[in-house]
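Below are two complexes that have chain A in common, paired first with chain B and then with chain C.
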Partner chain A sequence: MTPPGLLGAALLFWGWQTGFLAVGVVMAALVEGRHLVRSRWDLSRTDFNRVSDLSAVLLVLIAIYQFVGTDAARAVLAILEWLPLTVLPLVTCQLYSTAGVVDLSIFFWSLRRRANEHPEEPGWPIDLTYPYVALALLSASAANVRTGAFFAGVVALAGWALWSARPRRYPAAVWIATLAVAVALGWAGHVGIAAAQRAMERVAQSWLLNLIRRDTDPFKSSTALGEIGEVKLSPRILLRVESANGTRPPALLREASYNVYNAPTWYAVDAAFISVSPEADGATWKLGPPVPERGRVTVAAYLRRGKGVLPAPSGARQLDNLLVVELAKNPLGSVRVDEGLGLVRYAAHFGDGTADGPPRTLDLVVPRNEQAAVERAAAQLGLAGKTPEQAVIAVRAWFSSHFRYARFLGARPQGVSPLEDFFFRTRAGHCEYFATGTVLLLRAAGIPARYAIGYAVHEWSPLEGRWVVRANDAHAWTLAWVGGAWREIDTTPGEWISAERETASFWTPLGDLWSWATYLFSRWRWSEREDRLAGSIGWLLVPLIALLAWRLYRRRRVATGAARGAAATAPPPRPGDDSAFYLVERRLAQLAFPRAPGESLVRWLARVESARPPAVTTAALPALLALHYRYRFDPAGLGAAELTELDTGAREWVAAHDMGGPDMAPQAHQARGATPPSDSPGQRS
Partner chain B sequence: MSAGPARDVAARIAANLATVMQGQTLAIRRLLAAFASGGHVLLEDYPGTGKTTLAKALARSIGATFKRIQFTPDLLPSDILGVSIYDQRDQTFRFYEGPIFTNVLLADEINRASPRTQSALLEAMGEGQVTVDGTSYRLHDPFFVIATQNPVEFRGTYPLPEAQMDRFALQFGLGYVEPQEEVAILTAQERHHPLEDLGPVASVDDVARLRAAVRDVRVSDELRRYVVDVVRATRTAPGVQLGASPRASLALMAGAQALALLDGQAFVGPEHVQEIAGPVIAHRLAVDPQARFAGLTGVAVVEEIVKTVPVPA
Partner chain C sequence: MWFRRLAYRQFLLASRTQYTLARRLTPAGKLAGAALVGAMIFGPNTRLTVSYQFFTLALAMLAVAALLSVRAPRGLETRRRLPRFGTVGEPLTYHVLVRNPGPEARAGLSLLEDLEDPRPDFATFVSTHEPDEARRNWFDRKVAYHRWAWLIEQNRRLEIAEHAVPTVPSRTTVEVRVTATPRRRGRARFLGVSVARPDPLGLVRALRQHDLPDALVILPKRYPLPPLQLPGTRRYQPGGITLASSVGDSEEFLSLREYRPGDPLKRIHWRSWARAGKPIVREYQDEFFVRHGLVLDTFVPAPTPVFEEAVSVSASFAATVHTQDSLLDLMFVGPEAYVFTAGRGVGHVDRMLEVLAEVRPCPDRDFAALHRLVVERHSLLSGLVCVLVAWDDARRALVGHLRALGVPSLVLVVSEDAGLDAELETAGARRLVPGRIAEGLARL
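After this line comes the complex of A and B, so read on.
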């Protein structure tokens, strides 16, 4: 068993490090309360098994909670942080049980079965307190606060634990010096390891930097232009869209737009992000000067690690109810969250036009290696000399009448760019071909144009009662500067939607159901601020703890004392309990001769006699004690005359020692008053 | 025999032993407590402290047969129990009794014999009979074993396992006597050993009556409970791997009864339990190796328990 206070201190340290100090204080009070509460529960092996199962359920719940809400790496750390809470029921039961230990079998089904089959075999009793202290330290480390306080705390707690188990053969100074050396080595070691890790990370970073790309990059969009084979995207639901009073939401939600094409990638050049300040309520973000509102749409999107680009209608000027910490936008209309929760749900207000920056010369550039093909196509369409509106109509008509949507593309002839092949030979492709082609054709006609990516909103989910957007609804289209504003032009043939639908698998409805459940859970999980999470987990525990408390309450509680093991059953009868000799004992105890619990009366009296107290005459006591012993311990008992002799002798002695001084008189009366049976010494049970 | 004459027998034996064992009142008291309660004794002490003398003196005091076996590594069970030999004339097997067929047996340096031989003796102690070639032979009555062990020398020894230690009712040491008593020993043995003058002061029948009288000493339920509490406390004491068995409870109660008889008391008092608890329990405890390394002994464990378990008063 750990020394008193260590367990509580470890839990407080855990609470402090992980930021759950309030929870830590409650837990510490619970485990240290065992020194104040005298009663213990008489728990059987089955009870311990139940509590162990409860802990396991708790762990699973916390694991589900974490894995559904966040990514795996963070979830593992969070579960580790919460482990002391998971194991707390077990430790509490150990501390408040008469056994004082738990059996190893509670952790293993195989051992439980064995224990059931052979109940007579001794178990493997283990003390959970020291492992629990270690666990609290480990969990505190998961918080990773990276201050010296953590190291100091670990050293202090470990030192405390070791101090109580130190070998007594060596002087304390030697022990302290050894510990100091170990601490110094530990400090130097972990600093060195951290330095080595940093150096290795620097080397590895340069190798890996260009290998990994994920999520929407507002600066660069690699297209699948020129790739051979089928473009496949998953039907996973990414966004949920709700429009005010049931109107149809905007067909396109834009994530980013780009201005420079260098096959096969679009880049956003000269588009630095500037951070946006929220309005006073902290949840309203203005993206541009207000214009007459044309509509409002509510979007729910997941963020990975609290970061991501927000999809919104191109004309969005204001985002409401967006609970994020840092938001930034770029002149090409991308809105990026730099710090937020796992799920954001925001209302986007949009009007005509966009808040994007005005066209620049970059928006008119046709890359040199595509120039020939684009000019040939432009000539074919007769774009030269047309007004921007006419040019847009011509391009749109050309694509819709001569082109078809295709996800599968075969090999193309040598030395032909993918775009040229698309324009003149295959006349089939996916949205990236159409969007890129449109941008470049419009630029060739002198119309500033940009390449935009995002999602198409077209699917109403009867299950959820809102619009849903899947990963395969990802789309690319064109923004063209026509009539003094950026207009969205989508030249991809409308059949692409039904073509993508065909890819839906048999299992998609099942996946949707799961996705919906996850979404509901995530909404609940992220609906409040992080600091309220501890509270919501706590509410989850209330029914479990109540069940446990109820089960424990029904257990028979037994009293504890110096000999807890001996008190497991009712004490034997105490014949002769009314002996008048106890008056003598009390009187002598008041005269500074209290009897120790393990000291028999004979030894105690010998001690009193050897001390030769001046105010006490002990001559009569041995005879009285002999009578008392016969009265108490001889099953044959005392005769009536002997009993009277004991009673009168003891009372006389007490009376004779009642005159010790004015301050002793009331104590003596008190002593007599505290012995109710002394008035009727003859009655024996 | 009622308590009075039985107590006289014990007092006579004690006085007789005291003439040859100067300054060993406590050891004699413990030896008699074990003897009167029908238990066996393990003496653990240095060579030359009078273990053999004590055993011999006891045997002489009650006019009983005495045999001594010096345990060695090559001692065989048949060297103790006896052996059946084929008699060519009668054409039958004849059993030749071993040294175990005696009243008082001194098993000297018992930890020098192999475990096999040790267990042959210890089984005989437990059962009161030996079985050789399928035939059981009853041992003499009274049968009292005083085994000795040397606590300092461990080379070439087989320490008794806990299960076998449990068979001894008491274990104690004699210890070195005070200087003036050692001088008295020298004076007494100047011409001849006082043991040679020692005559019997009681008969074997007296011993049987003494043992019966011990069993008649009254024990209250409360003290029985105290005995159990003390023994049970060893099972949960820190630093103890294996606590004392119910056999220890039995031995503790019988030892306390014997002490009460020696004190002329017809019932057991709590002091009797406390006095004999150490010699009865300590040797049965298996102390955790780590705790033992830190200096914990069985005796210290029992002392601590006696101090902390509330004693009936």
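After this line comes the complex of A and C, so read on.
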């Protein structure tokens, strides 16, 4: 069992580090209250099993809460952070039970079953207190407080724990020196590890991230242009869209636009992100100068690890109710969250045009290897000499009348670029073909144009009562600079929507239902601040915990502790209990001659004498023992002179044998006041 | 087979590591090790948590403690005073004497007993099956970890915790009372005793092993028996008890007679045969004793709990039946058929219990071997106590045969199967339930 205060200190430290100081204080009060409460409860194995089940339920609830709506790495850390709370019921029961330990079987079903089958077998009693201190420290580490306070706290608490259990053979100075060396090594080690990881990350980061990145990259968008076979996307619901007073939301939600094409990838060149500052309420973000508002749409989107690009109508000028910490935008109209929650729900106010930067020369460049095909197509359309408006109409008309939508593409002839093949041979493709073709044709006609990606909003969900956007609604289109503003031009034939719908499987409705449930949970989960956990889930558990606590409380209570305990357990005083001879006994025990249980004083002294230890003189002891026996058992007792003789004799002997060593007696008792062991002359039965 | 070998190697390695860690680390050291592993699991990303700080601190503490524990405590002499017997489940106390011949007192040391390695060899690991192995899932059967753990459990006879040594003054011997808990019957072998010294932080032990080979027989658990009228006790004893030291037929010559089938060959009187032209044997004065048989059924594939209980029941009878004026034959089949006799100065009950302590199951022989053994000797026996571990045709046949021969017998079947009760009732046998044996015996 830990020394008084250590458990409480560990819990306070945990609360301080994780920011749940109030919870930590309550928990610390609960565990340290054992020194004030004199009662202990007689808890059976079944009781402990119940409490263990409660801990498991707590753990599962916290796990569900964390895993739904956030990524696994964060969930694991959050669960770790809350572990001291889940284990608390068990530790409390151990501390307040008469047993004072718990059986290992409460943690394992197999051991529980075995314990039930063979109740006569000895259990595996364990003391949870020291492991609980270690757990509190480990959980505190999940809070990631990087000020050095964590290390200092761990050193202090670990030092406390080790001090209380230190081997007594070493002087305190040796112990302190050893600990100091270990702490210095530990400090150097953790600084070194952190530095090593940073160095390694620098080398590996870009390489790795490029390899695994799947989110929308505002700087680069790889297309499937030229890929053979079917392009397929999942029907998973990604976004939920609500428009003000039931109007239809804008058909396209943009995530990013790009200005440079190098088959098959579009790049955002010269488009650095700049950070956006929120308005005074911390939730309103202005993306550009205000224009007359044309509408408002509310979008709910998931963020992976709290980061991501926000889809919004390309004309969005302001985002409301967006609870994120850091937001940045680039001149091409991408809005990126650098730090936020797992789910964001924001209202986008949009007007005509976009807040994107004005056209630059990059927006007119047709890549060299596509130039021939694009010029040939432009000539076919007679784009030269047309006004921008006319050119746009001509391009639209060409795509809508001569092209069709296709997700499946076969092989193309060698030496022909995907775009050329699309323009002149297949005349079929998916949205990336149409958008890229449109951008390049318009650029050939002298109209600045950009490639935009995002999602098409077209599906009303009667189940949810709002518009939903699926992964296979991902779309690409064109932004063209016409009439002094960026206009959205979508030349993909409208049949793409029905073509994508055909891919829906029969279990899509089930998936939708699950998705909706997840969404509702995530919304509740992310709707407020983090500290709701103790509130909402806590309230659900209150009746359960209360019932269990009540049942445990009703168990047989046993009074312990000094006041009532002493009265209940101490045997009645016996004559001669205060004999000074016990001092001799205690000193001899310290000198490596503890009296064995059941060994009479006479035999014991004989044993000591036969061992002939050089440091001990036994000559005076038989006389003292005789006096002691008379004092203990002679009904007439000792006279005052004899009593003094016993007293001084014993004390002199003890003083002569003062080794000054640590107290090694296993069960040394106090000469006066406490219970001495039996010392009747004969062998005790 | 290669997979078994691989698994066996892994188990050997893992158990060796576990054993070493368990001996070298104090409880505080074990907790530090566990914290180290926990922090290692959560700390690989130093940006995500500060567990790595916890990790490095625990690692540094253990490393410093390990460095300070490289030098083993020297210059102490040890001696062990061991009793001859222990009994399963009954704590056993003995003494280890630690002598310090050096000029300085030694404080804060502890003792760890080095017991025989309980790990099975490869052949045993491959050939022995755990009692309920067939019920395990495919993976468990394939990897056979449970079998490994069970085999180790079978070989682990004693459990001895660390014991603190009081301060040993210079040139003095101190006595350390060691308490051991016998776990299984059989011979417990000690290899030595290790003197341990913790490091200043109290995490790691420095160990010095003293070779101190010794052994102790752990007797089977015994149950109290009610005052028992064993079948056939009150038979007339023409020989009286004066010829106490001899067994069976006394050596007093009576007469010669014709050979009858079954007479021992050593009784043939060759000269009379030559004279008479037909086999003649010497006949001796018959002495009759009360002589009980105790039959132990060992025909189980592995030492199951049922078998252990059967041994315990036999041991209870062996220890309780008064052997001053009667003999007790213990019969069982191991690698061959054994009869061990105790009583009336012939053998001692201690020896019989020692034999029972080392009885092993007999997986490769037929029950008929025991049947033959018992029937061969039935004429010598006043009564029989049969302790069986199952109830099947072979055992039914034995009990039926004994009844037909008119040998009074008490048949006890140790079994979990409550469905047997009705049939056992009609056969005049009793069922004892493992785990509730004492209860069952009290009802006899």
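In this text, the second predicted complex is superposed on the first by the 515 of 685 C-alpha atoms of A that agree within 3 Å, B and C clash if a C-alpha of one lies under 4 Å from a C-alpha of the other, contacts with A are read in each partner's own complex, and residues count from 1 in each chain.
One rule holds in what follows: a contact is a pair of C-beta atoms (placed from the backbone, for glycine too) under 8 Å apart; a residue touches a chain by one contact, two chains touch by 3 or more.
On a predicted model such as this, the values are computed, not experimentally measured, just so you know.
Novice: Once the shared chain is lined up, is A:636 touching chain B (first), chain C (second), both, or neither of them?
Specialist: So A:636 only meets chain B here.
Novice: Going by the contact rule set out at the top, does A:190 touch chain B (first), chain C (second), both, or neither?
Specialist: So A:190 only meets chain C here.
Novice: Regarding the shared-chain residue A:134, is it in contact with chain B (first), chain C (second), both, or neither?
Specialist: A:134 sits against chain C, while chain B stays out of touch.
Novice: Go through the superposed model and pick first if A:169 touches only chain B, second if only chain C, both, or neither.
Specialist: Both chain B and chain C are touched by A:169.
Novice: In the overlaid three-chain picture, which partner chain does A:615 touch, first (chain B) or second (chain C), both, or neither?
Specialist: The second partner, chain C, only.
Novice: Could you look at A:596 and tell me whether it touches chain B, chain C, both or neither (first, second, both, neither)?
Specialist: both
Novice: Quick one: classify A:274 as touching chain B (first), chain C (second), both or neither.
Specialist: In the superposed model, A:274 contacts neither chain B nor chain C.
Novice: May I ask you to name which of chain B and chain C touches more residues of chain A?
Specialist: Ranking chain B and chain C by residues of chain A touched puts C first.
Novice: May I ask you to decide whether A:585 touches chain B, chain C, both, or neither, giving the answer as first, second, both or neither?
Specialist: First partner only.
Novice: Based on the A-chain superposition described above, do chain B and chain C contact any of the same residues on chain A, and if so which?
Specialist: 167-169, 596
Novice: In the complex, go through chain B and note every residue touching chain A.
Specialist: Touch list, chain B to chain A: 218-225, 229, 232-233, 235-236, 266-271, 274, 293-295, 306-313.
Novice: For chain A, which residues count as touching chain C in their complex?
Specialist: So the residues of chain A touching chain C come out as 73, 76-77, 80, 118, 120, 130-131, 134-135, 137-138, 141-146, 150-151, 154-155, 158, 161-162, 165-170, 174-175, 177-179, 181-187, 189-190, 193-194, 197, 589-594, 596, 611, 613-616, 659, 661-662, 664, 666.
Novice: For chain A, which residues are in contact with chain B within the complex?
Specialist: My answer: residues 167-169, 561-563, 565-566, 571-575, 585, 595-604, 629-630, 632-636.
Novice: Enumerate the contact residues on chain C facing chain A in the complex.
Specialist: It is residues 28, 31, 34-35, 38-39, 42-43, 45-61, 63-65, 68, 105, 107-109, 164, 166-175, 177, 197-203, 435 of chain C that touch chain A.
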